[in-house]
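Remarks on the structure that follows.
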Amino acid sequence: MQPPIRVRFTAFVGAVFLAALGSAACSRGTGGSSSANGGPASGTVIKSGVDLPLSGSDASDGVPTENGAKLAVIDANKQHLMAGYTFVADVLDDAVNGVHSPNQGAKNIQSFASDGAVLGVVGPFNSNVAKAEIPLSNNLGLALISPATTNPDLTKGPPALQLRTTNPSSITFFRVCATDDIQGPAGADYAGKVLKLRRAYLLDDNETYGRGVSDQWARQFIADGGSVVGHDHITKGQQDFHALLTRAGGLHPDVVFYGGTTSTGGGLVRKQMADSGLGGTAYFGADGIRNDEFLKVAGTSASDVYATVAAINADKLAAAKTFLSEYQDQFHQPVGSYSANAYAATMVVVHAIVDAAKAAGGKMPDRAAVLEKLKTTKGFPSIIGSFSFDRNGDTTNKIISIYEAKNGAWMFLTQQNYAK
Amino acid sequence: MSALLSLRSVSKTFGGLAAVKSLSLDVERGAIVSLIGPNGAGKSTVFNLITGIYAPTDGTISLDGRALNGMKPSAVAASGIMRTFQNIRLFAFMSVLDNVMVGRHVRMRAAVWDGAFHTPSARREESAVAQSAMQLLEFVGLRRYAHEWARNLPYGMQRRLEIARALAPEPSLLLLDEPAAGTNPAEKQALMDLVTSIRDRGVTVLLIEHDMRLVMGISDEIHVLDYGEKIAAGLPETVRRDPRVIEAYLGKGA
Amino acid sequence: MADIHQFFQQLINGVALGGVYALIALGYTMVYGIIELINFAHGDVYTLGSFFSLSILGLIPLSHIASGPALGLIALVVILAAALLCGIVGVLVERLAYRRLRNAPRLAPLITAIGVSLILENIMQLWKGNSEVPFPQFLPDRWHIVGGVKFDDRAVLVVAVSVAFMIALNLFVFRTRLGKAMRATAQDRDAAQLMGININSTIAWTFFIGSALAGVAGFISGMYYGTTFFLNGYQAGLKAFTAAVLGGIGNITGAMLGGFLIGIVEAMTSQYISDQWTSVVVFSILILILVFRPSGLLGEQVPEKV
Amino acid sequence: MLGGALRRRVRWLPFGLSDAPLSRLLVGVAVVIVLAMIPMLDRNSSHISAFADTGYVMILAFGLNIIVGYTGLLALGFAAFFAIGSYTYAFLASPQYGVHLSFWPMLLVSAAVAAIFGLLLGAPTLRLRGDYLAIVTLGFGEIVPQVFQNLDKYTGGPDGIAGIDQPRLFGYAFGFNPTPYYYLYFVIIVICLVLLNNLRNSRVGRTWMAIREDELAAEHMGINTTSAKLLAFSLGSAFAGVAGVIYAAKLSTVSPSGFDFNTSVMILAAIVLGGMGNLIGVLFGSAIIGLLNFFVLPQSSNWAHSLGTALHMDFLQGVDLNAYRFMIYGIILVLVMLFRPEGLVPSAARRAELHAEQEAGAGIALQEQAEFGADIP
C-alpha cells in the first residue's frame, strides 16, 4: 500500500526543480539591459557597460551622465565606425535605496564580465564604488573608464597598487576627470583668496571621496592662511543635523566645507544650517553637490553655495556645441557636470575597440586588446579637449571649474587647467 | 526510614497575602498521597514550591534528605521529581513519541555533534530511549498513537500522555495536578488503575485531586489544605469524618 | 558662558526632536498597552503623515496668503487633516492585518507588522520617489533670543504642538468614556468585554488615536526639517519605540518622558561625544533598558502568568 | 513489492542517512544531480551567479530557522551576524591589514566568531519575553553595521573593505567565476541539510522544539532552557558566519550597507514563506526569495525596459522592480501570516506516512492543523 500523497510530494519536488531549470534555460541570453543605439541593431553587437547610480538622490548625478554615454553610442553608430558591428550601451544602476552602493557596483561589474559582448565599462560615478570595482576589473581584465571619480588613491601610489590585487602591474582603471588633489586645493584657493574666507568648519560623509576631498581642501586652505575650526563626519541616512550644526555654530566658522554627495546629506546639511544659526555662513563643496538634487533639497538655502567640478564646463567649448544641441534634442533635460565627460569616456572606449578590431583584421577584439589600446591613448581628440592617459590611467587634461548656486540655479564662475 | 519528600514549616506569601502557611508534610516512599482542599486552598502553590517555580518565603523542602530550596525547576526535575499540569501543557506540535522522549532528556547524554553526525553512541541511546518510550506509551495505552501530533489527541489521552512524559526519566516522585479533571467516569476508573500501577512500578505519587471518590479510593494518606493551612491529615476514612474538613468543603452550619 | 549657551541650545534641539519622538512613542505605547503588539508599521504611519501634509499643502495656494493668522489657520487645518488620514490608515491596518491574528501566537502579528511596514514604505516610494522631498516652508522665519539662546518659530511650533496634543490625549484617556474603555481593555480584555465594552471598536479607536498622533508628528517634523523621505519612519520609529520602552511601555506619561529624554540624549551625544554615535547610543540604551529594567522608568513590573 | 523496497532503509550509509527510506534518498539524489548540472546546462554566468547568491540566502535561512523555527525565538537583527562573519573574513584575508589567511579554515573561524557574538548578545537577553527579544536583536542589528561604519580607521568606514581574497582549492583559483562558488554553496547546503535533519531528530532538536512549544513545561522536564536557547542562538549565528565568508569572498568587497535591516527581513521572509521549522520548507522559501531577489526581479526590470524600447513607451524605461522588492517581501509576510501561517510547504509526506500506519477510524478527530516542526522527507 503506497501512500498516494508521498508520490504527489515527490512529483511536486521534481516539478518545481524542473520548472526552475526550465526557466533558467529559457531565459538564457536575455541578460540584456536597457540599451540605446542609433536605429535598429544590425550585425554583431558590441557592448559598452555603463555603471552609474541612477535612482534616488544620486539619479540627478547619474542620469545626465548616463545620457552622455548613451549619446556617444548613438553617435558612434551613426558614424559607422566599424562595419558589421553595432555598439550598445548596457546600463546598470549601482544605487541601492537611492544611494550609490559599493556592493552593488561590484555585483554589476561581475555581471558585465559574464557577458562576452561587453568589452569595456564606463563608470562608476563614486570613488567608493570604484574602490570596490577596481580589484574586480583588475582580476577580470575588463577596462573601467570613469567619467567622474576623483579620489587620487584610485590611481596613484601604494593605495592604488593595493587595489590591483591580481595583476599589480596592469592598469585597468582609467578616468577622464581631474582628481581631488587638484580639485580640493583649487576650491580652497578660491575660498581663501577670492572669497577671503578665513575660518572653515569641515564636514564629510566619511566615504573615500568625501573624506579625501575635504582633507585635500583643508590642507590648501590652511596653506593659504586660513584655519580649520573643526572637522566632523556624518552618517549616511541621517536626517537630523540640528545638534551637529549647533555645535559647529559654537565654533563660529565663516565657511562650512562639505565633503560628500547630495545623496549622503549635502543638501540637508545646507538646509538645516539656517536653523542652527549658520544661515549667513558660506557653504563650500565639491562635485558631489553640484547637481539639481542639491538645489531641490536645499530650496531657498541654496545660495552663497560654491562647488568645484573636476571637469571642463562644456558650455564654453566650441568642440562641444554639437554635443550640447544633440543632447537637448535627445533627452530634453539640462546637461550635468559630467555628461560631456561620459560622452568622451564612452568615445575613448569605442575607439579603443575599433582600433583593436582593426589590428585584429576586422574581427571582434578581446578585452585584453581593448585594454592595450586604452593604455596607449595619446592625444585623443574629444569634445572636452584632446587628452592622453598617463601611466596611472589618469587623464592629462586636468581642468577644474567652479560654480555658485544662486536663486535656485548653478552659475558658472571660472575654470582653470592645472595640467603641468 | 525517612520520608522521600518532606516539607518543613513551608510558607509562601505573595505581597501581603499568605498562600501557604507553615505547612509541614511528609510523603513516604512508595505511597500515594493526596492533597485536597477547596479552590484557592493553595494546593497548586505547594506544587509550584516543590518544583521550584516559586522559592518558599520560609521553611525547607527536601527530597531524600537533600534540600531543594532555591533550585531551578530544571534542577528539581533532574533530581527526580516530575509533574503534570492542571491545564495540560504538552508539546502540541510534536509527536506523542517525541513528547515522551523529551521527558527522558534529563537522562540522555547526546550533545550537538552527536545529534548532527548521528554518532554510534548517540544512535544507540536514541533507539534505547525510543524503545523505552514506546513501552511507556504501551503502559498508558497510547502506543498506537505514537506518531500523531500531541495536539490531535482527545483530552483524556492528553492527560495520560502527560503522565507518560513525566514517567519517562523514571522519577522517584510524581506530582499529579488534578489528573481526573474533565474526564468521564470510565476514564476515571482507568486513571485510578493507572495511578495504582504507577505506584506499583515503584514511583511515589503526590496527587492534587477534587474527585473525592478517586482520592478516597487510591490514597494511602490524605492532607487537607484550607486557606494555605493544613487542617487535617491521615487515612482516607479519618479525613472523611473530620468535622473541620466537612466545614471547609461545605461551609459552616452544614 | 559659551559652553552654557551651547548646552541650552542643544537642549532646545533635543526637546524639539524629543517632541516628535514623544508623539510617535504614544502610538507605540497605547497599542502595546491594549493588545501587546509592537506595531512595527507605526513609524511609517508617521512618515505617511508628512507625505499627507505635503499633498494637502500642495492644494493650498500658499504664495497668495501673506498674513500670519491665516497661515496659522492653514497649519492647524493641515495638522488635523494629516491626523485624520493617518488615523484612518491606522484603523485600516488594524482591521486588515492585525485583527485576524489577535489570538495567534505572539510572533505572528509582529511578523505581519514588519510586512505592513515594508508595504507602507514602498507605497510612499511609489508615490513620491526614493529621494528627499522638500517640504514647503510657509511659516515666516522669525528668531527669538532668550538669554543668549537662539531659536526660531519652528522649534516653538514643534514643542507647542506636541505638548498640546499630549495634554489633549491625557484628558481624553482619563476623562472620557472611551478613554476609560481603553484603559479597561488594556487591563483585562475579557473582563472589559463582560462589562459590555465593545473590544473591537475600542482597539480600533486606540489605533486611530495613536496613528493620528503619528500624523501630527509627521507634519511637525516636515515643518521642522523642511524635507521628508520615504524611509524616515524606520529609524524614527525605532527611536520612538526606544522612548516608549525607556518610559515604560504601556505608560502614556512614560512615553512622553521617554521621547523627550531620547531627543535630549541624541542632542547631547552629538555635542559632547560625536554625532556619528547617536544611533549606537540610543540603541544601546534600548538594549540596556530591556535587559536591566524591562519595566522602564515609570512602568510597573508585571509578572508573567504561570 | 517495489513499494516495500523503496521504503526499506539502507543500513550502511553514514551520518544518519540510513534513517531515511530508500525512496526519499533516491529523490534526494535525483534532485542533487539535477541541480549539480545546472552550470553545465545554463552557461550564462550571470545566471549562475544569481543561483550561487541564492546559496547564501539558504545558509542564512538555515541558521535563522534554528533560532526562529525550531526554538521559537524571534531574532530580527540576524544580518548583524552575517556582517560579523563577512568582516571577520575581510579583516583576515584582504589588503586591509595585509593579512591573507586561507579561505577554508576561515569558514570555521568566522563561524566561531559569529557564534561567540551570538553568545554575548544572547546571554543577557534570552530570558526576555518573545517580542522584547525581537526588539533587542533588532537594536543589535542596527548597532553592528553602524559600528562598522563609524570605526573607519579599522573597517574602512562606509566604503567597507575591497579586494578581499578569493578561495583556492588544490591550486585552482575561484576568482570571479561564479561556477565554483555555486558548487561550494551546493556542497555546504547539502551538508547542512543532512546535519540539520539529523539534529532535528536528536535530543538537541527535540529540546529546542519543546522550548518553542512550551518553555515552562520544558523546564519542568529537566531541560536547562537557558543553555538550550543559547546553543540555538549561537549555532544559528555560526551559520550566518559561514554564509558571510563565502559572500565576502565571492563579491570580494564588504560594506556596512550590505547588512542592514532589509537583509534580516529578506531571510525572515524566506523562512516564513517556506514554513518555519520545516527544513524543506525553509529550502524552498529561501530558493524562491533568493531567485526573486537575484534573478527574476533584475531580469524583469530589463524585460520592462526592453519592452519600453520596443514599444516606445517611455514610462517602461523608468520601471525598476528591483527597488520594490521589499514591497514583495512585505506582501509575502502579511499574506502568509494571515492565510497560511504554516508556510508553503507543510510536510504532507510525513503526515501521509503516519496516517497509513494507523488503522482507519482510530477515534481521533484529525483536524487540518498548521504543521510547525514538520519532518524532512
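Observations on the structure shown:
When the chains are written out, they are named A, B, C and D in that same order, and each has its own residue count from 1.
In this text, a contact is a pair of C-beta atoms (placed from the backbone, for glycine too) under 8 Å apart; a residue touches a chain by one contact, two chains touch by 3 or more.
Note that this is a predicted model, so its numbers are computed, not measured.
With contact taken as defined at the outset, chain A and chain B are each touched by D.
Between the contact lists of chain B and chain C, the overlap consists of D.
Closest chain to the protein centre (all Cα atoms averaged), using per-chain Cα means: D. Among the other chains, B has the CA centre that is most remote from the centre of chain A.
For the pair chain B and chain D, the distance between mean C-alpha positions equals 41 Å. Averaged C-alpha coordinates give centres for chain A and chain D that are 35 Å from one another.
Those residues of chain A in touch with two or more other chains are numbered 55, 97, 206, 233, 235. Residues of chain B in contact with two or more other chains: 53.
The residues of chain D that reach two or more other chains are 146, 149-150, 216, 323, listed in rising order.
By the definition given earlier, chain contacts exist for A-C, A-D, B-D, C-D.
The touching residues of chain A, counted against chain D in their complex, run 1-6, 8-10, 13-14, 16-18, 20-21, 24-25, 27-35, 55, 93, 96-97, 99, 101-103, 106-107, 110-111, 113-115, 128, 131-132, 134-136, 139-140, 162-163, 165, 205-208, 211, 233, 235-236.
On chain B, the positions that touch chain D within their shared complex are 51, 53, 72-74, 77-78, 82-83, 85, 89-94, 98, 101-103, 105-106, 108, 110-112, 114-118, 122-123, 125-126, 144-145, 147-149, 151-154, 165, 169.
Across the complex, chain D meets chain B through its residues 14-16, 19, 195-196, 198-199, 201-207, 209-210, 213-214, 216-225, 231, 235, 354, 357-359, 362-367, 369-373. Those residues of chain D whose C-beta lies close enough to touch chain C in the complex are 68, 72, 74, 76, 124-125, 128-132, 134-136, 138-140, 142-143, 146-147, 149-150, 216, 261, 265, 268, 272, 323-324, 326-327, 329-334, 337-338, 341.
Residue ranges on chain C touching chain A, taken from their complex, read 2, 5-6, 9-10, 13-14, 16-17, 129-132, 134, 137, 141, 150, 152, 154-155, 224-227, 229, 231-232, 235-236, 266-271, 274-276, 278-279.
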